[in-house]
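For clarity, chains are labelled A, B and C in written order, and residue numbers in each chain start from 1.
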């Protein structure tokens, strides 16, 4: 089994390989964001920094005999390509499905469990996007190799998006004590949901969930926050929070989910809204965007959303090394 | 032209490279299972054993400048990924089409022959799944590089599936003298058809074709068996053979092909049926499965079907080396 | 940043690396064929010759840490696989989309600009096929990495096809003084349009545009030719030009675009038409073909169209090296 090394450096210079944080908590599968502890997050982010250096050097790691399969039952070009780029930047190999849902005999009654057992017999790690909320968990339960949830169901999770969102913040400022506005269609927002779980791990965080009342965060998250003593507020007026938060996490609202399309405007961010933000606020968006985030914001130094995509590469590289090392 | 070597071993340790069986029978294309002689099968299986060792060691062979194209006019995620994993495990490169049928201008009148000539000009081997029964043969006739049939037509062949099925049996017991029940929708069962042709190559084999009468094996196969003096029986009652065969090869029956869906149950295998099998019987299934093979069988040591998928990797690796060497 | 080298040769033996033609004209994006000057074309072709030798040797270049993404909003199996083969033959890595148009949330209002910014953050070069005529140009305007137009719109351009068409001619004879018949549905013929722009770069070229009058070349091209003093004739009768041209560039006419399907026959090339061509004429076709180019022509030594596909590999390899070097 090959040892990952940063070419051309020596193995003991691998990012995070000597970290004391590794002790006793190997990462087996990535199903939901709340499975990450703060020490595990810190190890991941430390490794991600290392990956930034690897990519900047134009190098790669020693994963040339490792195979990652992207098994996407629904298409998501950006997420899939980001994972595949990460595996390639590690020196590894990729098996890819662009739309296994349309092309699979699973529609005729086959179970995801059998597909995972089969694909796991010739892959070293499986990245899955499934149509059902528990698809990734079911896959992980039977898989002989690590499974990564790349988004499941209509209101499930998207933990690696939350990891890269958090890493983007981490690269700019301390995570303790943050105030964060999470805006959009929150009841079905996989990325918003996964990020809320992650932020709850840190001290003195306060979250503002900004959404039309009928699309607010569901009780599963709110209960979780209350159990863990995390402060939050439900808000429907973006103006009441935009000036006081450190981070604005904007997401999409689908037009068919509001009564009046003009309602969408009141949740949109443009250059006027940005003027009322803190001078050092961070503006994040998982992308793709439509009307909720105007292009006039792109040139603002507080706009982090294109940087997020690049950080996603490093975080996914780091995550893959952690999963492949434990085998 | 690079010589395949097991890294980091020396070339003369390549599996099967010195085999006397190679003399005078280079493998050019793989179109149908009956083209394989017993010596060629034995060479393939010997090489497949070698590939098991290569993969176990985490190594790869020296095919880094070789390109395999998977040209699938109908999607088949598992078969395609298995071939692609095999090429990657050899160190090679892959060009992939997930659903060329939907995406191709062939629907507007283009011929597969032109596509093969073009793709053959920048690939070293082409794996094709075609919609017509003679698609693979037509491809092989014009291709400048080896063509492998990955399943053609609705009642054509799927020879590499049969090769891995046979290898699965070979790994457990001698192939001469076997009694085998092949169960399912046999008239259109590509894998069942290809396996029957292959089994007929061995001495004292007896096949039981178990199927609703209207879905029985077609005369082309039965004629072939009679010409070659191979014993077989047509049977519609699974209970009359299940207790006496060495191998049970179960396949799917599509519900729309039987008059009464409850008929499907009488051909299904579950833990009750398994109890009546020989203690050392082997249960194979090409997968995917639906109701015809119950999950209660999965834990039975006689269940070989997940192992089949893994063996498929080795057999396809071995087959690719044989095809690429002869060029 | 790795330097491309022909393995195992030394860096200074890279094709075209020392060329004086490089001075002052780095290639940044490939959007339309008229952007190529004659010196740049000559450098490209010189490098393409070098690539022929690399492939013949079974070698590859040193691009193992470079990633190319094929972002196809409409499927085109042959063009996509040709680019991917080129990147693999350079030793590089590929991220692939077979049909991003069907699978993308862009249909819901997302802009190609955002996709390009994101994909450009983890790729080194992007090959795009877009549905709109200005898709490639819009992509190039925001991309942090080189963009190659692999065909845009319904009547846009397909510059790399034109480059390989021209290279095919170049490999057979001098480009100055050529007479060329371009036949087919010219108003919407991307390859015909791109080739016309390219041929106009050379001295004493004369083009005959042969097409049903309602499908003739559009004024944008004709104006360009007149401005540059290039001779051309519009013709609707293939018989009046077929005997006097050096190159016949045949393309498809879709049946729904002519009043009478029998009209298509008068523009078709078969063994009878070929007899009237010059003894050293060249017959090109971008493929795929239907009725407009009969199989009886395939064996004629003047038929270049399968060779075109192979030359396409070399030209795309060369183009990729020129784009990746300038970064």
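By definition in this document, contacts are C-beta pairs under 8 Å (C-beta built on N, C-alpha and C of every residue); 3 or more make two chains touch, one makes a residue touch a chain.
These numbers come from a predicted model, not from an experiment.
K.L.:
Specify, for the interface formed by the sequence copies subunit A and subunit B, whether it is same or different in terms of residue numbers shared by both sides, with half as the dividing line.
P.N.:
Subunit A vs subunit B: different; shared/all numbers falls short of half.
K.L.:
If subunit B and subunit C share one sequence, what is the angle of the rotation that overlays their CA atoms, in steps of 5 degrees?
P.N.:
About 120 degrees of rotation relates the two copies.
K.L.:
Using CA atom averages as chain centres, what separation in Å is found between subunit A and subunit B?
P.N.:
Here the centre of subunit B sits 39 Å away from the centre of subunit A.
K.L.:
In subunit C, what residues contact two or more other chains?
P.N.:
96, 98-99, in rising order.
K.L.:
For the complex, which residues does subunit B have touching subunit C?
P.N.:
Interface residues on subunit B, with respect to subunit C: 1-2, 64-65, 67, 69, 71, 93, 95-100, 102-106, 108-110, 114-115, 117-119, 121-123.
K.L.:
Enumerate the contact residues on subunit B facing subunit A in the complex.
P.N.:
Result: residues 58-60, 75, 77-78, 81-82, 84-86, 88-89, 96, 98-99, 287-291, 306, 309-310, 312-313 of subunit B touch subunit A.
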